[in-house]
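Two complexes, one shared chain (chain A), two partners (chain B, chain C).
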Partner chain A sequence: MSTTEAPASTGTNGNGASGYRWVGTRPVRHDGLDKVAGKARYAADLNLPGMLYGHILRSPHPHARIVSIDTSAAEAMPGVKAVVTGADFPEAPPKGATRNLMCTVIARDTVLYSGHAVAAVAASTRREAKAAAEAIEVTYELLPHVLNIADAMADDAPVLHDNLFTRGVEPRPTEPSNIAARTVYERGDVEQGFAEADIVIEREFSTQAVHQGYIEPHACVVDCDQEGKAVIWASSQGHFMVRSSTATVLGWDTSRIKVIPAEIGGGFGGKTTIYIEPVAALLSTKAGRPVKIVMSREDVFRATGPAPGAIIKMKVGARNDGTITTAKAWLAYENGAFQGIAAMLGCMCVVSAYTLDHLYVEGFDVVLNRPVNVAYRAPSAPAAAFAMDSVVDEIAARVGMDPIDLRIHNCPSQGDPTPYGPKWPMIGLRECLEAIRDSDHYQSELPEGQGRGVASGFWFNIGEAPSATVNLNENGTATVITGSPDIGGSRASMALMAAEELGLDVHLIQPVVGDTEVVGFTDVTEGSRATFATGMAVVEACRDLKEQLRKRAAKTWDCDVEEVEWVDGSAVHGPGEQEPLTLAAITGNAKRTGGPLGATASLNARGAGPAFSVQVADVSVDQETGRVTVERYTTAQDAGTAIHPSYVEGQMQGGVVQGIGWALNEEYIYSDDGNLENPGFLDYRIPVASDLPMIETCIVEVPNPSHPYGVRGVGEVGIVPPLPVMANAVADATGVRISDLPLSPPRVLEALTAAES
Partner chain B sequence: MSRTHVNCEVNGDAVDFLTEDGESLLNALRDELGLIGAKEGCGTGDCGACSIIMNGRLQCSCLIFAPEADGAAITTCEGLASADELHPLQQCFLEGAALQCGICTPGFLVAAKALLDENPDPTETEVRYALAGNLCRCTGYDKIVRSVLEAAVQIRTPA
Partner chain C sequence: MRYAAPTTIDEARALLAADGDAIVFAGATDVVPQMRGGRPEPSMVIDLKKIDRLMSVGLEGDTWSVGAAVPTSVLTADAAFTADFPGLSEAAGLIGSDQIQNRCSLGGNLCNASPAADSVPALVVNDAVAVIAGGGGERRVSVAEVVTGPGQTSLAHDEIVVCFEMARPAARTSDAYLRLIPRTEMDIAVVGAGVRITLDGDGTVSAASVALGAVAPTVVRVPAAEAALVGSSLDDAALAAAAAAASDACNPIDDKRGTIDYRRQVAGVLTRRAAGIAADRIRTRNGQTSNEERAS
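Right after this comes the complex of A and B.
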């Protein structure tokens, strides 16, 4: 464990005791120079000869039937080369995930949210494309809309999908509903748990929809040829996903599509799906020219992303010794226009940081006339933690226990059952709690007038399928090709793991993200999985290579391969009769010993390690304006093993600040007529540098036994605790507990005023 | 549509290009001059990804009409490094891991240069306020601020 307070460039190591030579060091990332020089190519940076610009027309209504679309005026406008509407796309199946994807990309008979794509134009210039798109005449028949959970769940609510029947309810409903699914997890007997409790706290919480807020709008360039093949340059979290999803929407065979991953300008889950690629592909096919589509920021807010708002009711019982005996939770999450699994995930997370003998958790996934939810960093967990950890904070105060000690007292360990079924593997929650308890921050005296809050957070992490190819070059360098788009420095981590395996200087390794035709299938960069899962494929390929290298040395030495060891990047003759052969010596001679050296690994990565984070903040609250200022912040997170500690810290800090934004300011604001009122960074205000202090980091390392270097994955869990941390700190500072986010100045001021009167 | 002929100096080079009157300087830099370092994150001057220094002032190039650049001296991210050496800000960003996805990085570098040109010894608070017009969603700003402070030290005390 290490605490980083000095500049990160001092080389403080996240993994001091590991004994690794490369893993745990902080080399300059391989793709860094292009990025500081302004040369890195993101999807919007590509221009092709003859390229057209696409523009998508979007619905101004939250819910309406499309009566007719007249494109004749648009088609006659200058520069226009192609126009498409929903009618140009294959028919969608009546229900299911495929329909949801197809109808999100472009509306068919019905628009389900303001911003829903309706038609598109390709023209010679941006302005011609925009003008022509606006000249498309769409006749709508307006339908009643619902914008919030309570309205959408009401018995008389306008129903979005007349073939959507609530799953998880017996007997199966006969009437369609906006409640897509009900999820229940239960154990023991909650009534017995409440009977055993000395105190019972019951509260209701709400959070608002927020956007991932990546700075790069969605962008792609698609070039379709006369043989029906398409090359797609796209900014995404998974180019194999772009290939398969585009093929699905267009009804094409995937072999017609090649996807080249551009650099990605942030995703945070929001680029795990597609919006524009099939539209550009169809426009390109019609026009016979490459087509570029770049979303405007307004369209990004109106038509992509949001993470759901939620309503959560908690009832928690505890004994006077701080033992939490039981929890009952009711969660409802927005899904957007099509059903998702937000509430199910919330149910799985809500009490996961606690050991409970009795629990009953019930969740509802609710569709409404808002854009379709997409993953956002530990999806659903932040709102769930906000509810549970706010209540836990009240319990600690009521029983007079330190809030960290109370969490340690109720902390699950390996072998305990998770709320959702399986037993916990090796986890590091206790270590994170102890790290915060022992931190300089938590041990420091709280400055006068400030409040301090703590909270913990959980996220699963996932494995899925990665592929990697490692080629050894004739000069003794290596190229590591993987299928994982690099969102936050994962290429450097791939190179570090390869360096450790091969015993090769990390600077002699070039990590590359390969397109869909040069590397094996790889799932989306999501679930904190790239360094964990794709790292496993890199390690497996490197271990294959080490076997090959030993065989080459044995051949060179005319000895048994068992006499050859691979030590620090060289083949060493066990009996000591030969001088060691370096990797470069073997690759330089490879043509004479059997040909070039390369290895590929594709696998299903099992055993992703659950992630926990514990955080503490000090805040001050302006009594006149209600503004909350974060004065000090420290986060501890179990990384398993930190492969590149600087980028582990970066993930931790970035997650924390997104969570602070969610807690303090960010929210989707809809007018009654169903339009988003703040679709821009001026009115949807994400945290800026002057809002924040340094984010102190404490990397906890409880290695994941399923990974060769102990990696857990660090991308997501950091966003979970800040919501309750902020609420708890504000409560400590003001004596007023606010259970509706965001804790924006008007809301805080209102709560302070109400408490006074 | 008629196009305007614009002459200006970009990163020390005399350049010229044709542009439509309503076009942004950002699009002209990217499409006419191939300088893709400046990015469009919002198009409304809220994110700073398109930051340039024009006639000594930090500007959002998405808010400037391209013809307004006639006669101007412009510095973009591409103009920070010399042929054989990165600008200290670039070097410190690399060593300090001050970038993750990198989309905001050119804008931050340009904004930080504009700050250090005016104030070679800023406090942490001054750095934070000077960079408050640049949005980064990946880093939480911690490593960016540290790297700018470190670069300021290096510029003040060359090796």
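Right after this comes the complex of A and C.
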């Protein structure tokens, strides 16, 4: 099969039965041994001679004006080499994304959440740095705070930003408010749709803010030299982003900064921004020594990455034959201290798994006194799916239709309009629905006393800019250098695609994540883009190399290059007059045929294929304690083509597990005075391994025609369905539908008790 | 900060007596996270795991002696101990994780003085006695008297819990411990319930002990629940009365781990279930069919 065309749909469940030699196989990841042996180097593992430790002082108040900061006592303390406050950083513009980034890294005149960075110290030891930071005297003038959407949207709410006027409202408001933006998508006439519907169901839902829960706290080491150049070792999802963001916050030229990516201990979207690098850079500049900052777990919870909580009101109309015709949705999403686009994304996702004639979706992005949102796996989609797929479950019950059949009946296909405008390209939602319908799990009888729930989920996926360099070594091996931090096994996928292109054993290929000075610009590993987009750059570089290899063979054979074909890792002479030349034979002789062989590709990856997942769970509910146990769980997801099926399955399972945590127990618990009461893994309850059954996976392969191997991103969509899956399963098990997450034991018991009386 | 690893109780006590900011530890599974959080900030940490008597488990006559620093994984792996105190063994096996249980101890679980300590209700229902080494030699007090409030004990600064003594259970006696956590491990009890009962030949309860964790500042013994069980055949009415008494005995707080109403309700549920499990253990041991087997 020619690899220049996308393969036909195979539905092979990722077993590589698609005619490929390497794509679809499951070699052990190149970074695996170091990780299991504890040798992988994370950012906090680096120690440099003369290195200092940075400690960041954080606000104990959720909303306050900084009246004054006195650092004199701290500066006089033992071991202290540098102290910085917001005043040491460039002035932030009055509004916009740059201000939000700059003021998240360090507060200027106002703190907007408990945990907001206010000042920092670098000292010889951690203990000295902490003691000195605590000796900084900050005088605050307390301001009233708002912690939830309803309070923040109230007419008399304390306003966080006096220059924030709601976007998307005509005429433009004359008073500032906490509503940063209003987003509307509409089609048809919803009032007509509801009038014509046989069934109309209207419900209100709420979800809580959750953390990405990566095991590795944010960490960096920054070393600034006398010429003002900085080297940053950091854990992030994108070191080019670390470079540009740090430059922005410091007002530096990007060329002053080199960022070396450390191995990353989990990101899930939470490391698509920066918090500490500019602080360490300024401390290092002041002290003339390298500075390490490692966040504590408590700081991670108080000051980084929540995914937002949301309130969603859904009204859906359907006909008795199960056709969903009409949906009206009102969504409000927490943004944290600065405006974001959470509600806009929620609006785009909320009904995307359905075809509808009439649609009115209105969303509100709301700022409040919590840390600013950062991406978390398919941001905003889980809460939206929770609302829609809970209502769809009720519709299925009302019309007496199997919930999967109902979803197939309403499933969009290629060419149908998306709710947010463009037409759907080739998508695999129907295939995922059919895969679950036909699964052993769904076909099995539900055990006595248990409940079963299903739901589907959508995520966009993105492309953006990747770069890759592939060098052939003199011994016939290859080094694949990309700019994509590997957060889910992408290095193995890069090696597999290179192996397939070059016809080289995957074990002879070393995939590497290069720093900002050895590889071309590459966007953040986000939007499920690395294997899709950076994979395209790897393939393009390898194809360039194959041309070079053919030319070298032609030169060796003194023939026309058109007579040389590249077959299974060797140059083959078409007319058959020469013995084939292996890749190793060509690279070993490279000095005599024109020098070393290498190729680079940088591009804009277009055509990221949308992702869908459909999932089913069986649960049991302890009627006397409200505890929910997940008994069985199966997920089907369209991967386009599974380059490395094991790591595709890992992404599918990981998304499901995080979604189950969101559904069952995870939530931020704030005290009335605006402080987080559960900033640790003891009381912020992500699932532990023993909480879960093996998550059964079914890889669906509906190839993405825009990618040379048909890849779709697989990293995110798996987290979307579990929220409604769990709610639907609990409703099936108990007869009680709960529309407020999490489904923690006290909440479930309360609902069961209320339903009884 | 200094680290010391004395090999005798006298040596450990002398170190403690000489330094008001010194603390002792066994597994350190509570104290290390606490120190990381900034409190306590001891001048010296004294490791008790090098002292033989704190690290030994044994049966002398009809009395079990369990060293205060013995890892709970040793107890859960001890078949004879677990046969005598299945509920205490299962409580010890619920603390933290497997790795934690290779370090943590009954003495540490008690002296950390968390209201939610899993092993304490199970020790209390088994009438465990803490042997405490102090200035005047050794004293013996009921385990229930050691903890006086969250993070507070009745121990003097230079006193050390050496071991626990427990009489072997009487004939036809067994115990059980249940806790509610939202997850399956690596969590802290929202409610814990320990129950020990004795059945006479015809299946009537002749003695009962009930103790609850995480529902009050200290572990709560529930005489009213015990009275509801004694004299009954563990019929539904008696179990319901015991559950109601357990709920009534709670004096919980609303916090991040659970609400007052939830804790009250679940305390009753767990008390009833633990009583049933303890009774089943007695019946099974005596060759009778357990309720579970009868149901299946």
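The rule is simple: the second predicted complex is superposed on the first by the 742 of 757 C-alpha atoms of A that agree within 3 Å, B and C clash if a C-alpha of one lies under 4 Å from a C-alpha of the other, contacts with A are read in each partner's own complex, and residues count from 1 in each chain.
Everything that follows uses one rule, which is that contacts are C-beta pairs under 8 Å (C-beta built on N, C-alpha and C of every residue); 3 or more make two chains touch, one makes a residue touch a chain.
Model, not experiment: these values are computed from the prediction.
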Given the touch rule stated above, what does A:Ala754 touch, chain B (first), chain C (second), both, or neither? neither
Classify the contacts of A:Pro745 with the two partner chains as first (chain B alone), second (chain C alone), both, or neither. second
In the superposed arrangement, does chain B or chain C reach more residues of chain A? B
With the two complexes superposed on chain A, say which partner A:Glu677 touches: chain B (first), chain C (second), both, or neither. second
A:Ser690 contacts which: chain B (first), chain C (second), both, neither? both
Which holds for A:Ile669: it touches chain B only (first), chain C only (second), both, or neither? second
Please indicate which partner A:Ile215 is in contact with in the superposed arrangement: first for chain B, second for chain C, both, or neither. first
Quick check for you: in the superposed arrangement, does A:Arg627 touch first (chain B), second (chain C), both or neither? second
Set intersection of chain A contacts, chain C complex versus chain B complex: 682, 687-688, 690-691
Under the touch definition given earlier, write down the residues of chain A that touch chain B in their complex. 7-9, 26, 28-29, 31-33, 35-42, 44-45, 47, 125-127, 212-217, 263-268, 294, 296-297, 487-489, 646-647, 649-651, 653-658, 680-682, 686-692, 694-695
Chain A residues touching chain C - in the complex, by the definition given at the top: 298, 624-627, 664-665, 669, 677-678, 682-683, 685, 687-688, 690-691, 744-746, 749-750, 753
Per the touch rule, the chain B residues reaching chain A in their complex are 20, 22, 27, 30-31, 35-44, 46-47, 49, 76-78, 80-81, 86, 90, 92-97, 99-106, 109, 124-125, 127-129, 131-147, 149-150
Given the complex with chain A, which residues does chain C contribute to the contact? 37, 180, 182-188, 190, 255-259, 261-262, 265-266, 269
